[in-house]
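Presented sequentially are two complexes of subunit A, the first with subunit B as partner and the second with subunit C.
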Partner chain A sequence: MTSAIVLATSGLVAGYERDLPIVRGIDFSLHAGELVVILGPNGAGKSTFVKAIAGLVPVHAGTTMLGEIDVTALPADEKIRHGLAFVPQTENVFATLSIKDNLLVAADILPKDLRNRRIAEIYAMFPDLADRTSRRAGQLSGGQRQMLAIARALIVEPSVLILDEPSAGLSPKIVAEVFARLRSINRAGVSIILVEQNVKAALAVADRAVILVEGRLRHEGTAAGLTEDPIIAELYLGARPNRALTP
Partner chain B sequence: MNPQTLMDGLIAGSMIGLGAVGITLTYSILRFANFAHGDMISWGAYFALAIAGALGAAFSGLLTPIGPFSFGWALPIAALAATVLNGGLALLVDALLFKRLRARNSTVIIMVMASFGAALTLRSLLEFIFTSKPAYYTNALQIALPLGGGIRATPDQMLSLAVSVVIVIAVHLLLSRTAIGRSMRAVSENVQLSGLVGIRVRRVIRIVWVLGAVLAAIAGVFAGVLVQIRPEMGLDLLLPLFAAAILGGIGSVPGAMFGGLIIGVSEALAVGVVGAQWRAAVSFVILIVVLLVRPQGLFGRAE
Partner chain C sequence: MQPAISNPDGSTTNSLSPAPVEAHGLVKVFGGLRAVDDMSIVLRKGEVLGVIGPNGAGKSTLFNLLAGSVRPTTGTVHIAGKDLTRAGADRRIALGVGRTFQIPRPFAEMTVLENVLTGGQHQAGERIWMNILRPDRVAAEERASLDKARSLLDFVTLSALEGEPARVLSGGQRKLLELARVLMADPQAILLDEPAAGVNPTLLELIIDRLLELNARGKSILLIEHNMEAVARLCGRVVVMAAGRYLTEGAPADVARDPTVIDAYLGGAV
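Take a look at the complex of A and B:
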């Protein structure tokens, strides 16, 4: 990959308690236009890692660079202004607000003359949302909520979009729709970091994957390469190694 | 029901509703029951008393009653200044106390206990500065005017009712139609997500403190105009305020006003039926019944 690095962490140590870091020194980089999936077993620190990047978990050491800007210590509301958008796994929409207000509340940080244009563009991109703008987000299905959360994150035209397990709780059909949408957003130029438990579906859309184990980056490679790696396939993809008896 | 009892209840209820709007905003957005809100009402009343007194001393013409009302221009001007000062006081209390507790991720019970401490301090300061002797904005007597149907009310009382309704509509429109109102609703639902979408949560919290204090000051001034000004006036209103906010549904501005009117009318009815000594018990009974039967209140949504 020769394109510019849009986000990089260096020796990132993070966790809710200083004495008990969950993320233990991760060096990671995301290139422009890349879609990287972060995999790993439960408790590996995947969500904590991306939350630390987003400003939701205390960082105890290391740095996060967004392009040339050190955003390590910035709160989440500043990071979004620098183009770093994060979609949490749960409670990722304002359930009591309408679809339109969910979008407007994110658009409020844009210049006034830009807000309506961006919302019109988002409605064109997500026509399902345009058909029910006054409906409360709490009345939407799981898939529609996920789409609304992604649409809201895109309002500010972020350079980096991070999603924490967007497939959680969704049916396979909806997961396919969400991932196809993410791929098209990525092709439009948004670099994406995806934390996923749904390994096969994630690797199918990703360019590259990294695997975290116990808060450290253990493996890294192209999505296709990792899919074909027999150890990775056994550990994380549920494949059985060839144990045929030989004479 | 005696129409006059209804009118008396609505007038008292409008003051309760005004204070309850401040309670419901701070409760839903700051996420704790602020027991110092009653004392912010008292401070608003005393700020206006001090400024109106100074204005009257400097410009005696400002004390001449405006039309049918009991007060001169000194009071509206002082009330306006009191809203500003009360907003500043709320920000000071937040900076000295609640902001530090938020930074430590203090639990709700610690915030509530801290608000008790703030309430005691604010009340004691008022007694120290102004003494506990009751005070009045004006000594002018007002004659209640017949409104038809056997109902009478003074111009001051009608003004209180009208201003309360206008303010509730204004706050409701602020919350439902403006960017800052949208941000306040978002923060009340999910603080973390609000930060992620770019809302400056600390700014929203400051605005909520100021808005609550402004509403408290207006409620305090009307309570002073219609009854009297005492350091305990806010404390005496506290239970009806919480009862009204919870009856209306925490977070609902129209609900808080509606709850205030119901509390006011219920208290007025109780005075006629069981005696004035039971007036304070009415709020308590309504509060218990609401918490048992419909804890989300009349306009609130069940979790």
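Take a look at the complex of A and C:
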């Protein structure tokens, strides 16, 4: 991969309490146009790592660079202004607000004259949302709600989109739709970091995967490269002996 | 049309050995939405039964009706042969039905061990006069509870974290903690809402092993799950729901080949 680095962490240490770091010094880089999946055992620090990048978990040491800008100490809303969008795993929409109001809240960060145009563009990308614009988010199915959460993140036209387990709780058919949508968003030029436990589905769309263990980056490589390593596949990817794990 | 419910041997569900959980004609209406619409379901003694279906099919509402978190608009729920349609979750736990949630919410500031201890039922120390009249018995029970909680933490591989506040646990670890807390109540039937969601594949192997072990020890298990591989390995029978209603049922492999299930739920993902 020779394209420019759009996001990089260096020696990132983060956690809810200073004396209990969950992320313990991670050097990571995301290249322009890449879709990277972050895998690892439960408790490895995957969600904490991406939340720290997004400004939602205290960082105790290290840096996060967004292009040439050091965004380590910026609050989450400032990072969004710089093009770093984050979709949390849960509570990622306002359940009592309509689809349109959810998008308007997300668009509030944009200049006034841009808001309606961006919402129209989002509706063009997500016709399912446009068809039910006054429906309350809490009444949407799990798949529709996840699409709304992704749509809210895209409204600011981010250069980097981070998603924390977008497939959790979704039916197999909808998981396939969500991952196909992420791939098309990625092909449109948005670099993506994906935390996932649905290893097969994630590796099928990812350019590269990294594996965190106990707060540290332990392995990285192409999806095919990692799954072909029988030890890695068995230890971290859920492959049972004598059973191939195919992306 | 949902078929009449019978046991594998052809007997009715109201036989001498009542089903751990049995519901008939359940309807739950929220405003104008019929979230569950005339569902009947029986968890047979000793089986692992799966409930699958698209998002919004009413699976979690069905679970809430069975566990007592929500009252049905119409229909009945029997727990171990007793009509508990109007009873709350606490009475159902007392009769041996424990449940977990899709998104676990442990007591964040309590330790992992303390969280497990909260699952204990019928403890002598809950009654003031027992603490005065039989402190020895209360103390002995507390020691036994601690031993049991530690052994359950060992069972779910969280022993190393027993003294940590639950808020530091990851999503998958919270699932394990919740399983341990439910097991603390010694349920005969366990209702699991998406035990595989947010769980790393390697840890999922452990959870599947543990659930099979619990089933081998006689626990009946009803689970909602989207991970069809886990469903296939755990469940002898699967009920499919769509739009609040019964769609079909059968062995996991048969259900996965059913064109109506593929269209409504699986798509090309399997």
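For this structure, a couple of remarks:
The definition used in the following text is that the second predicted complex is superposed on the first by the 239 of 247 C-alpha atoms of A that agree within 3 Å, B and C clash if a C-alpha of one lies under 4 Å from a C-alpha of the other, contacts with A are read in each partner's own complex, and residues count from 1 in each chain.
Quick note on the criterion: contacts are C-beta pairs under 8 Å (C-beta built on N, C-alpha and C of every residue); 3 or more make two chains touch, one makes a residue touch a chain.
On a predicted model such as this, the values are computed, not experimentally measured, just so you know.
After alignment on the shared subunit A, the placement of subunit B and subunit C results in a side-by-side fit free of clashes.
Applying the stated contact rule after C-alpha superposition, one finds that A:Ala54 touches subunit B and leaves subunit C untouched. Look at A:Gly11: by the touch rule set out above, it reaches neither subunit B nor subunit C. Residue contacts after overlaying the shared chain place A:Gly43 against subunit C, while subunit B stays out of touching range.
In the superposition on chain A, A:Thr96 makes contact with subunit B only, while subunit C stays out of contact range.
In the superposition on chain A, contact is made by A:Ile109 with subunit B only, not with subunit C.
With both complexes placed on chain A, subunit A has more residues touched by C than by the other of subunit B and subunit C. The superposition of the two structures on chain A yields an angle of 80 degrees at the Cα centre of subunit A, opening toward subunit B and subunit C, reported in steps of 10. Once chain A of one complex is fitted onto chain A of the other, the partner contacts of A:Val156 are limited to subunit B, with no touch recorded for subunit C. Residue contacts after overlaying the shared chain place A:Pro75 against subunit B, while subunit C stays out of touching range. By the touch criterion defined above, A:Val199 reaches subunit C but does not reach subunit B. Between subunit B and subunit C, the smallest C-alpha to C-alpha distance in the superposed model amounts to 12 Å.
Residues of subunit A touching subunit C in their complex: 16, 20, 22, 39-47, 89-90, 139, 141-143, 165, 168-177, 197, 199, 201, 234-240.
Considering their complex, residues 54-56, 75-77, 80-81, 85-86, 88, 91-97, 101, 104-106, 108-109, 152, 156 of subunit A touch subunit B.
Those residues of subunit B that touch subunit A in the complex are listed here as 179, 182-183, 185-186, 189-190, 192-201, 301.
Against subunit A, in their complex, subunit C makes its touches with residues 33, 52-56, 102-103, 167-173, 176, 194, 197-205, 226, 228, 264-270.
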